[in-house]
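One structure is given below, encoded as structure tokens.
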């Protein structure tokens, strides 16, 4: 790849770093605020989830604004693949993005564990199984991709706010607390804290997420087929 | 209807789909977060309502940003009729909009029930009756239409934030927790959970909502009669 | 007054209506959410205040966006006088603004009481006295005017967000829960609910508010003396 | 320094006043809302921290919008030094900024104490020690500088929202509740309330903050080396 001398297009290496660091900070926020919430809430799970949802949404808003101009701020393999399907990210960069996201996610979980004096990694014992949970992940991911696609096409500056608000809401309105992200799901299998998920329940979550992403992508293509592509200067590039 | 080849004006079919999917996601958020809130809050209704209000407001903000450019993101027959009265939506599309909203609302309730392993539909036993409740719906809908009309005329990009904030606030400052939406009211009669309303109490709520909408529409016409119509490119079209 | 045929400048009558209706909705939000919070919070005052603060902030954000283009969305005699001092509102309109605000505030309290089946008006028995409370009102009003003046001069579209966030924060960081508004203070003397203030404690609050407003006005004039006046098209006119 | 006759560049004296008053209001918000939260929360620390985090984030958003155009709204020696390193603030103004921030921080703590009838200053007995706490401060400051640097380069108007959201989230996802600010840390050693820190634990916090700031500055220079400098008219100048 040629060096980026204009500064207009961030290079691929910087984009990978942005995806890795951004996903790490996101996981630190998800897992860390879950631990803090559970420790302080005196057993009232609603208060712990309220803190967890607000912290996740607020961190996500800040992180999308921070890394959007460098990498598009996907932090999520489902978003990356959907972006490629719609002609955004070149297909030969998808693998790198996903690898950066998954690696970053594990680093973020370890950072949260270090901050809260937990073991570096530990298999979760938090059961999240059953059809209702899988359907919840399907709905959660469907909605996330719908919001990202719709808002980024018409008003890219609104993406950080819309996505953050959607995720904070979906923590509450889905029975699975809306993982909606395969990289996040994998990494959360290795925290035995509030935000964890039993490794055995991961495949079901991934199925739900893939299904929801597929349905959303088809619907979006039909719903907004003729919209102009976002201009180059739009600083958040989910397309 | 002619095919939309420019992409500037979404076609009617896409607008109906946007109203249906958007209203479905809104109801999933309202009903789902109500169930989650009640299950986790250990009997503290204030904490459940806090979660319910924040999730509803956040989801609404994301959904208005998502579907605003396609359909105007009404999600509410009162908004649709007020829009038509003020010369926005053509009258021959009002019926389709309302049908899409009501159908979407029921689908959303069913989706929430599936996510939380509740019966698909069930008549609510949640009593919400009396003059104070009806007056609350009147105030809630009056305020909602005032906010929508005022903000969309002068600063359309602010509508998703203003409407979401207003509704989250009105969950708390009206005794009825601010349904403010006939389609939502009908569908919530069929969830026997936190967000439900006894079918027998629906007519009173609808009366309050219609009255509030009428008063707001008259006041808005007087308050801002000479304002320029929003330009075509305003992406949220409540007028 | 000449009729407003261009639509560019809202007439005085419409501005008065906007101040009255906006202040009424604000008081309905403050008092109504206080009642709801206290009724539902099972005695945990922090949860009631959290709901009260969030509802007040969110309603204020929506209302400033709604009525800003019509009247400047003062809703507060301290803001109106400070605006006149700085050459914004003509002095001969100050009396009308204040009258509209105080009348609206009482209507809003009565609306809240009707919604929650409370007596229409009742003298409050909620004691809020002592030097710490008065000093709190001084700090609260000082900060409010600083935020309004600073943000409206440089970035008027940010005013609804900055003011709403400031007030929600000040509910928590002042010992008086930040009334910061003489019209609001007078009207809240007549609600014997969560948001009330004993009539005997009103003069102290007003003293604190006037002092804070004076200090802020002097500081603002020194801090930003050379800033260009906001252009006519800025849609929120606190200057 | 020449007098500022154009109004385009605030003078240094006004910038120092903005840093002092802004940091004072920030500390009043942090300490005041901590006291209020603890007093009202009936022993549920999660609810107190929720109020503390929301009040801090909301106040910060309003204050950055208010003082950004005058001084850049640093309120934080780590931000000031990072800004100078990246060629923003001239080095000969760094000392003045830091002095204004530290003085303002102490005034803010005293104002909070006066509002809540606490002793004017008191050494804190709140222990916050150990490697996990120091690492938490490192992560918190790293993230803060990353967010500030990234957002201010590409979309300066988003800084108040991104920074406020980040800090509110970091209250929850770091074990130290994210001081992330040496001036704030020093001043909070002298409040024996919810937000306090034992003077003996201050050096560890400062070490963590300096380390995090260094790592973030290096990463930012690599991540965005070719980005155009923000235009002069960007009203918040963290570079």
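Chains: A, B, C and D, in written order; residue numbering restarts at 1 for each.
Please note the rule applied: a contact is a pair of C-beta atoms (placed from the backbone, for glycine too) under 8 Å apart; a residue touches a chain by one contact, two chains touch by 3 or more.
All values derive from a computational prediction rather than experimental measurement.
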Angle (degrees, nearest 5) of the CA superposition of chain A onto chain D: 90
Maximum centroid distance from chain A, chain identifier (CA atoms): C
Residue-number overlap at the chain A/chain B interface, same or different (half cut): different
Approximate Å spacing (C-alpha centroids) for the pair chain A, chain B: 28
Separation of mean Cα positions, chain C and chain A [Å, integer]: 39
Multi-partner residues of chain C (at least 2 other chains): 44, 47, 50, 54, 161
Residues on chain D engaged by chain A in the complex (per definition of touch): 43-47, 49-50, 53-54, 57, 130, 132, 135-136, 139, 143, 146-147, 150-151, 153-155, 158, 161-163, 165-166, 168-176, 219, 222-224, 226-228
Interface residues, chain D side, partner chain C - complex: 4-7, 10, 14, 17-18, 21, 25, 28-33, 36-37, 40-42, 44, 47-48, 50-52, 54-56, 58-59, 61-63, 65-70, 111-112, 114-117, 157, 160-161, 164, 235
